[in-house]
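Some structures to go through are shown next.
Each of the next two complexes has chain A plus one other chain: chain B in the first, chain C in the second.
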Partner chain A sequence: MTVAEVVERLELEALAAGELKATVAGGYCSDLLSDVLAHAQSGDMWITHQRHMNVVAVAKLKEVAAVILVRGAAPSAEMTGRARSEGVTILRSSASAFQVAGRLYQLLEG
Partner chain B sequence: MKRLRADLHIHTVLSACAGLSMSPRRVVDEARRAGLALIAVADHNAAANGPYVREIARGEPRVLLGMELQSQEEVEILALFEDADSCLTLEAEVYRDLPDVNCDPELFGDQVVVDEQDNIVRRVEKLLLSPVPWPLARLVKRVEDLHGWTLPAHVDRVPGGLLAVLGLLPEGTWPEAAELSPWVRQAEAVSRWPELAKLPLLRSSDAHFPHEIGRSWSELTVAEPSLAELRAAAEGRGGRRLRAGPHCKEGR
Partner chain C sequence: MPPKEKLLHRRVFILLPGNLEQAGSVSGDVRRELVALGVEQDIVRRAGVVCFEGEMNIAMYSEGGRIILLVADDRVELLFSDRGPGIPDIELARTPGYSTAPDWARELGFGAGMGIPNMEHQSDRLEIRSRLEGGTVIRAVFRRGRG
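Entry: the complex of A and B
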């Protein structure tokens, strides 16, 4: 499944669109960036509340397929601007982390 | 130039998680016992007990006003001030914006302002353990605008440590220094987070109970115990030095 398909199925909003044809391999849900650095896998959809600038750097380092901000979190223009220039995809859902993770799990593993 | 000990992260009874015995008077007594020349009072998102500590201490030890602020990202930073009014201005701004969640003393403990005579002046209603809904960069900038100094508290620790929460140091010139948690060996912290090798490191007690004051400390080589000298020591100006003391071996 591609990022674009997940965007459509989970009704996500694309705040910064990188490679939407990338394959989604799995998911990781964490607000601790040190934990994401240690445990997220390349190709994961990273579900988080964090919207600090370092999210872009960590997403890029870990080569996640996309970041999904939950509960309608509003990132700064600086963060989305940086994501665009780094080719990092930032998506947003108005749903909670629990709901987004549950629906993504169903899509990928169900 | 003098070599002296500083403990720049001490809680009082205004922090719900600190002991009721942490009155301003007791903090001063214990700081003297521990041979500290400079301390900072740093309650969670609050500062109101600092002026009483300073009043009681009368320069022995010198007292910086401070707060342990928690940002929207749930990063904890120390904000240190020489000027009490600046610190109390920030305290009021932060309190106004804290979520409307009250502190239930049964669950969290008491949050009380206590004067120099050990009298309770007032209880603080809102839960001070909630994060301030300001991005980290906004908190840092506001402290700087008020002529205070900020550094990440227990930078290595989960929860609240900058590196644990944000994974990497943010871009830019902040922070100018970082505080290690009491128990981590400096070599261990630097090996886990190599970017710490670039920063002057402090260590403090993060005391919540009287006997914890001074259990770990920073060593300063400065002309006098003050915030300006501390900052000069962090920059290594004019032979001034700042060094984290040894890690604490007990009481984790």
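Entry: the complex of A and C
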């Protein structure tokens, strides 16, 4: 499944669009940056409440397929600007982390 | 240890204290330079993570410092050094989950106490030296040319 398909199925809003044709390998849900650096896999969708510049740096380092901000969290213009220039995809959902993770799990593994 | 091979590349990054927003940038630069030098993708990934963790610790806990990137045929090294309080108990600081991060940093997702453990896990060798009220020096080595 591609990022674009997940965007459509989970009704996500794209705040910064990188490679939307990238394949989604899995997901990782965490608000702790070092935990993401240790355990997220490349191609994962990273589900988080964090919305600052370091999120873009971590997303890039781990080569995640996209970041999904939950509960409608609004990132700064600076963050989306950096994401665009780095080619990192930032998506947003109004649903909770629990709901987004559950629906993504169902799409990928169900 | 085989004799060390000639340096291909050396670069110094200066870090200011407290600037967490800017702090992700050195790991990005390191990553780009390693890619441009044709360093193995696995090392690019691991060195990027190690650099980010070291960079954040300098920004968060020290009064400023620098990161030196060294690339040779047989290895990549990252040398982190800072002026600051130092680490009173290095064994404790290496323990997963140990953190003295302030609340404001925890709200931003720091303070899992996983930074130094990540640096150890992602490098082939990690040496930490620290002097109280002096500063901290960390050397991370990545060996090239082996699977």
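Convention: the second predicted complex is superposed on the first by the 110 of 110 C-alpha atoms of A that agree within 3 Å, B and C clash if a C-alpha of one lies under 4 Å from a C-alpha of the other, contacts with A are read in each partner's own complex, and residues count from 1 in each chain.
The working rule: a residue touches a chain if its C-beta (ideal position, glycine included) is under 8 Å from a C-beta of that chain, and two chains touch if they have at least 3 such contacts.
Everything quoted here is computed from the prediction, not taken from an experiment.
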*Overlaying on chain A: chain B and chain C, fit or clash?*
clash
*Report for A:Glu86: first if it touches chain B alone, second if chain C alone, otherwise both or neither.*
second
*So, A:Leu32: does it touch chain B (first), chain C (second), both, or neither?*
both
*Quick one: classify A:Lys60 as touching chain B (first), chain C (second), both or neither.*
second
*Regarding the shared-chain residue A:His52, is it in contact with chain B (first), chain C (second), both, or neither?*
both
_Most chain A residues touched (candidates chain B, chain C)_ = C
*Overlapping contact positions on chain A, where the chain C interface meets the chain B interface*: 31-34, 37, 50, 52-54, 57-58
*Within their complex, state which residues of chain B touch chain A.*
73-74, 135-136, 158, 163-168, 170-171
*Can you check the complex and tell me which residues of chain C touch chain A?*
20-21, 23-25, 27-28, 31, 45, 48-49, 52-53, 56, 108-115, 117-118, 121
_Interfacial residue positions of chain A with respect to chain B in the complex_ = 31-34, 36-37, 50, 52-54, 57-58, 76
*chain A - residues contacting chain C, complex*: 31-35, 37-38, 48, 50, 52-58, 60-63, 86
